[in-house]
């Protein structure tokens, strides 16, 4: 194990090797996911009929486009999500160093989170978290 | 040939100009925001590349990149909220039709 | 050329993990789900194909391979085809950082990436895009509504999920999945019940709270009952994948089960000590074995249906056997422990699925934003405070 | 060699979809094309050994900002499939400006001598970033939370209108 990693680090840093694997996984995984689709393309029957490719709408002929406009509520949740997701990215580095740095890091994060909790309370009070 | 700082800077310049083209030519406000996101990404590539090649032992550039990602998220949230507000009153997201301030 | 070797190794591991995903999580997962559903609803479940219906999902897969791919006339063809692939590959990529156990001094993990758990949550967040693509490109009202609902559900529960992950990362002081397990081995207890010394067992409430937050969010993240609104068979007729047939549908299924097992695996790693063997005194292991026997006896004596007898008996025999083995000082390979914990969690998720009704959309969003998110944040801060006061 | 190959592949993965983003007539497709572009940039960060920033790039850009953009497209006329003219009359002008700017930047870049630092990146990227945030950059750290708070409030007020 140790000997092996020494050989690799001579040519390539661990970080790059790690992600090299991820890249191979993504590429080969995509190929493997496409493979059954190709098999189907070879094996399965293909009989096109105009009825078959109609959009499914519980057996009734579809009317209008599905690409319609939706409720603004969806946006509000996505918006609050983005802001808090960004907050979470600051928690990750904090989580790693927290136990080395001790009280100072805790207080710094406390201030950070309290400011953002104000935002959550605001959204809550304004009813941005209500669906109806 | 070795990959150096220059490679990243040129790539980022190209990405930046692609984004700029989108911002200048698009009519849809959302598409303009997409162009801006590309430009911000180009800036981030620069920051991280400078970090890697000029001061590899520090992480300052990466911190700036993180802050820019944060600002990009805020910009998208507020910008898109503006687009929605404009759409509600004017029923369009095409920026050249949003001209009620023009006399 | 060392990199050719690495490339071959990576390709081999991809094929291995993809097969694991397809055979163990998707095929056996669906089979187990149907058997457990049958057991809970006092019926038999699949029974005819192979012994005890074991080959049922294999037969189903073969059937799906022969099904025609129907692409709706008004769909966006390219994106319609890309969506199931994205969902399946995102689920596969989750597994890169999951350690299965140890072999000698080696940890059985594809790559112990430095930012392991962050990587995991990033990959999990890509699923949202696959689902939105599927919903939009079908150009079907049910699909689009299901896709949008699903996306808003997934993003809502991503935050509590991340907070659960962060809790474990904070206590362990690392983002690496292997590091998190090793921290638990070092302190001699699961994060579920134990915090690092000097807090120890007193920290159990924090761990349990974090684990519950994570599990609830994970259940929602993989669209399972009671959070299956996006699919809601009875109202949205399967939601975002309503238009998908044959193997494309199977890929969604693969992604969903792969993701579910992946979440359970991450929970095992973060809260149940991963591959580590539990250290209990021998008499406690005897108690575990006896307990299994007693519980089984009570259920068998009071059961109204003879159908429950066999599954209860087999589970009890398994638990009793493990308990007895451990009480006489035996050992099981670490990979067995990991899989035992993983399957127990998966069993729990399936049990929940067939027991609870679906939530309403507003209840679902309330649970995430008004309960889990504040709770997760407070738990994180409280645990941080306790760790700080306890002298690091 | 391997590094250069990876760089070229990633550059193409970044730039080609970026061109689709700014030229596609279908706005939903343009938004989806952002994803490979962002992922290409992620790969570049990895190549620069900025692992943590790469993880955040996927989490925020792919998992959050793209979803937000798609939501808004589907909430406004973009989602209705109505085919509107997506570009304005500035196409030739914009193309010229972009090409000219790219040219100028590249000329300037190639004529500058950039300082090069020595040393290797810290092995644990996330730890180094955490330490920097908690010590040297703590003011930025706290200021970001204020920026986030303000944009959250601003966006909620704007998006809700006067209901």
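In this document, chain identifiers A, B, C and D correspond to the written order of the chains, with residue numbering beginning at 1 in each.
Just so it is clear, contacts are C-beta pairs under 8 Å (C-beta built on N, C-alpha and C of every residue); 3 or more make two chains touch, one makes a residue touch a chain.
If you're wondering where the values come from, they're calculated on a predicted model, not measured in any experiment.
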item	value
Between A-B and C-D, the pair joined by more C-beta contacts	C-D
Most distant chain from subunit C, judged by the mean position of its C-alpha atoms	B
Distance from subunit D to subunit C - Cα centre to Cα centre, in angstrom	32
For subunit A paired with subunit B, centre-to-centre distance based on mean C-alpha positions, whole Å	20
Distance from subunit D to subunit A - Cα centre to Cα centre, in angstrom	16
Subunit B and subunit D: spacing of chain centres that average the CA atoms, whole Å	6
Subunit D: positions in contact with at least two other chains	2, 47, 49, 51-52, 55-56, 59-60, 63-65, 67-68, 71-72, 74-77, 79, 81, 120, 123-126, 129, 133, 144, 148, 151-152, 155-156, 159
Two or more partner chains touched - positions in subunit A	12, 14-15, 19, 65, 67-68, 70, 72, 74-75, 78-83, 85-86, 89-90, 92, 94-98, 100, 113
Shared-contact residues (touching 2 or more other chains) in subunit C	3, 113-115, 118-119, 136, 139, 144, 148, 151, 155, 158, 175
Subunit B to subunit D touching residues, read off their complex	1-3, 5-11, 13-22, 24-28, 30-31, 33-35, 37-38, 41, 44-45, 48-49, 51-60, 62-63, 65-67, 69-78, 80-85, 87-88, 91-94, 96
Contacting residues of subunit D [partner subunit B, same complex]	3-4, 7, 11, 14-15, 18-19, 21-22, 27, 30-31, 34, 37-38, 41, 44-45, 47-50, 52-53, 56-57, 60-61, 64-65, 68-69, 72-73, 75-78, 84-88, 90-91, 93-95, 97-99, 101-102, 105-106, 109-110, 114-122, 125, 128-129, 132-133, 137, 140, 144, 147-148, 151-152, 154-156, 158-159, 161
Touch list for subunit A against partner subunit C, complex	1, 7-8, 11-12, 14-15, 17-22, 24-26, 28-30, 32-34, 36-37, 39-41, 43-47, 50, 52-58, 62, 65-68, 70, 74, 77-78, 80-81, 84-85, 88, 91-92, 94-100, 102-103, 106, 109-110, 113, 117, 120, 124, 129-132
Footprint of subunit A on subunit C - complex, ascending	2-3, 6-7, 10-11, 13-15, 17-18, 65-74, 81, 84-85, 88-89, 92-93, 96, 105-106, 110-115, 118-119, 136, 138-144, 148, 151-152, 155-156, 158-159, 162-163, 166, 169-170, 173-175, 237, 242-243, 246-248, 250-251, 254, 361-362, 365-366, 369-370, 373-374, 377, 380-381, 384-385, 387-388, 392
Sites on subunit D touched by subunit C in the complex	2, 28-29, 32, 35, 51-52, 55-56, 58-59, 62-64, 66-67, 70-71, 74, 79, 81, 123-126
